[in-house]
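Scroll down for the structure; my scribbles are underneath it.
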């Protein structure tokens, strides 16, 4: 490693390599914090496994020499339909922290959703992004890095909540991702066994700083949260609202009625209620309920280009990745995150070429077929 | 351990911890007696595994700050929809025996079903419960511990059977749980291999004491048992009758006709006939057959709050736990049983909050969806 | 062991114990000959595993104190719906051979199907059976042991085939079990690897002795075999004809048309064509095709009382067991076979009591429900 | 080994033996090159596993003494419905290379599809075949070895593509197998880990020799490839065109419209896009779309006679084998390939006899039934 290039993880072939590298570098309690989930971690495992129960049914001879992976989200162009979902405590994973992560994501031409539990102030993250040169997109990438989005746990103290929103707005964030799957805290048994209950000295949730006292407030999980708070948010900010954590189609329909701008199908990486469906299994019913009135996003278990392709074929406009970004960060800091995103981009590009889709819009529902028991059911055979 | 506080198992995170602690403390033959089942123990395993084939489909933004877990059973309020199903030989598990167990269950504000094979007289158990202070329920618990219920294997000797019922009534039991799945004894191969065929010296089935001779009678499995005996029981006592061991919907319909007060879907913890369905798999058809004319309960395989939630979403009004109570008892006596019940209560409370249900009545059928092969089928997609 | 009682395998708890004991005593090549099957042995495994995909849905309170396991087959009473399917080379398993096996089966009050590949002449086997005292059936068993049945591979040499039939008739056999699943020999790779291609010196297929030359003929698998040969058999003997090896419902329908007396659903223990369905999976369609015009039997994978119950609920009138008889024979000679049959009888009796069926006729279709992926599907829920 | 007979692998019992022998002889990087696939190799595994999810439902008593395995393909007779699919780099596996392989395949009376990535010129391969004596078919085989077919990756340089076609025509090839599943190169992670990126010195793709410069050109994966190129091929050669790599039924329908002569359902052995269906799972919908207007072939995962029978019952006219030929070649050169093909022929012949089919035409759809979770679903029972 010399001073002019970023350190890199030697030749990771796939995301699993970076996951293994991250495990080698992290304190086991921290690795378990990032890897673990609620209860028996059925949903953690299911998120990944569920993608294996779909098969891609490729088209051939479609002339896919000129592929364009870009998608539009709230009027902005993103270089591929893969965002970085919010994840907590980046400085626990690597000194590069949220700022390094943000630079890597900006370099990839896509969106970082800044966590309310970030260990770096949103303003610092935004400043890091601002220093990035326009991303040299191979084909016709966007002229500048897309904006950050900001993730919000609505706090019972409305004034404080509003102050956080104003910080995000002032930092130039392009959307508010409102987490609604956390009326109480998910019980993560790995953390209980490690006694990992708080951040180590020197790290804190910088976006929870009280504007009056200057002290860091604890993030409150608010069990009283209901749709009236969404209406209040709708009135409080002009930022697009993305409702994160919707799994039930009835809630997706309510989201449309309450005027949010997008729904993000998510089970919080299996960290809130163990035993809920894998995100990709919940997706079709949500897409059906929304009926095109809103864009639907998904996160949970995306590890391969075919996972992205599957989610888009089932109706998502884009997906988020959470743990893979942390693996890259832990394994190699900013450069590790770049590797994660470029591996995913290349994998998606290849999958699209091989499936005969030259753009996200060309990823039609007929390109994917469900499987049973981990094995494809004969295509087109009704059971 | 000092004299003023009950001994406790250090920081069990979940019921599996208590199960492991119990195994460490028990004689292997006794552990196998509690853990084992009939035949190849397919149903033992299936009881737990079957819950993994359902997924909870949570609602969000439902304002679940004020949750109330109480349910009404035969006019009495129970602090949560989790009872202690009858299990034999508590003093084999721990010196605290049935009395300690009963105190813990009363402290939790719920019902203990006293086993006909208890190693403590029902009167002693009732006396232990009577000494308990009114449970300090966090929200609005019942003013006093709920009554005991009493489990009955109807004996061919009707006079003796009646004498047992009179003892249960006199001890203040609130219902009679009539086990009907045992026309013959289930063959438990672990016990045969251990040669575990009888209680050790000093322990006996105290509720089988002959009122005339004072001797302990053997519990007879009566293959001739039929619905006429249920009619006789109906005439013999005013206690509510709970029919335990119903799996076939046709029997559930007959139960309604014969005027029993509740049906308990159970396969006797997989200890009677190996190869019958998991309780939760048998539940929907029983609920359908009963059609709301009776409350339906379930036991078998409940280990997590989401298991309780699943059973209630499928139509049960409450569930019983058997082996977990024994794990608590073996691991830590009375305090171990308390830990089991409070872990379950907290897990259920958390699951309800995260699923958007603020009371058992709010656990509607749409909150649960079946899965295939241990993986959720896409929600709302018909196969 | 003293001289007056038969040697016994100490306390086998279930058939798996006898299987393990057999393995310990047999030459590995011989154990593999008995245990192995064709190709990758998928069907061998599937025969047993398939029963695990059904669940027994028991009835309760049916007053099953007086159970009667007897069934009628071709006008004769058998003590239980479990026969001994034909298996080759008994003297390879134990010196007691077919004669000892026959005595044990007669003692159990059921039918032995003598193999055409028996290492003992059918006349000797019949003589062994004739020495048995009438079986002391606990309830109301038959006054004398049921007749032997005789298994036939129809040989291209009709005169020789007829001579074999005449021997079977003269020996008092009660039916002819015609194996039709063997137009060519199944390829058993374990035997090829062992080089096990022929019987050791001193053993031969005694029922293949040429009536003219006195020499032992090789059993010919006749690929030209067709329904005309069944018609010829029908004209050649008055013995009831049981067609063994039917899996396809169209063949079951043809069997009715050609006037055979019973169909035995079998895949030859997975020893002929690997990849055919488990017997129990093929049963329903055959029962449907036969539509009550013939009795249907089944063999393959029966190891537990619930397996017998499952087959009967799906429409079989009785089942055969093959390998379990060999396990008993290898493990303990005649007494081992007795243990196998009495374990099975007790297991079936218990299963019937616990399922609420006091006779084979009471084992109705609603007592069994299919499962998916080794787990019961919610009863009564259509998928 | 003496000079007059070919060396042989001692007594391989099945193809798995040859696969193991190949692994022992090959450089691990080369073994991984042949064995590996794209991504997580789900499709590689699925190709084989998927056949296990079908069951053969045999007919009996059909008089199958005179079996004839021959099929007609483009007016020529092949000795059995099993071809050798194109595979690259035979001289990497064994010095006998493509020429030895071709002799073995000709000896078996079937067709070798010469790979565009062969390490031997097509002319040399054709010359090797020409030296073979007419195959002594046991029954009534063809009078001479069938022609070679030639596999083509259409190159962007049309003139060069045409020159390759002319070489294939001049060498007497009987059909052109056009691979359409490779708009980009599949990413094989085993090769990346080994750094196996190019042929060793002395080996090259002989069919890529530039007719002008005499140099070896690299095979270009052409992402721009579309149906117009198929039309161009249709006009450029009179050879029958086989479209290889079709999985989507819509593409099969287009193939009919564009006048190709056959469709080969294939996923390139799982080497192009991981996560596509197993070939046999994609087959039924393609057969349905083609509706008899074209012959449909299949390759991927064929290892047993029952696999061939399954594919034919589902509508294929013949199947190809890829890796098994390489296993034979690596294990024993020309003789190893012979062993592979004769093992497969014998296995298919036996399977057909045991299933009651005396010719490929007699392999009707009712002979195969799908299974669920690796276990046959009750035959004829709709789910």
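Chains: A, B, C and D, in written order; residue numbering restarts at 1 for each.
Here is the rule we go by: contacts are C-beta pairs under 8 Å (C-beta built on N, C-alpha and C of every residue); 3 or more make two chains touch, one makes a residue touch a chain.
These numbers were taken from a predicted model, which means no experiment stands behind them.
Counting steps between touching chains, the shortest path from chain B to chain D takes 2.
Identification of common neighbours of chain B and chain C yields an empty set. Although chain A and chain B carry the same sequence, what matters here is overlap: shared residue numbers make up under half of all numbers found at their interface.
Note on chain A versus chain D: their Cα superposition corresponds to a rotation of 90 degrees, in steps of 5.
Chain centre most remote from that of chain D: B (centre = mean of CA atoms). Chain centres here are Cα means. That of chain C falls 42 Å from that of chain D.
Rounded to a whole number, the gap between the C-alpha centres of chain A and chain C is 60 angstrom. Touching two or more other chains at once are residues 372-373, 383 of chain C.
The touching residues of chain D, when paired with chain C in their complex, are 11, 13-14, 52, 54-65, 67, 304, 306, 310, 347, 350-351, 353-356, 366, 369, 371-373, 375-381, 383. Of all residues in chain A, those touching chain B in their complex are 39-40, 42, 46, 49-50, 53, 180-184, 186-187, 189, 192-193, 222-227, 229-230, 245-251, 254, 272-278, 280-285, 288, 370, 372-374, 383.
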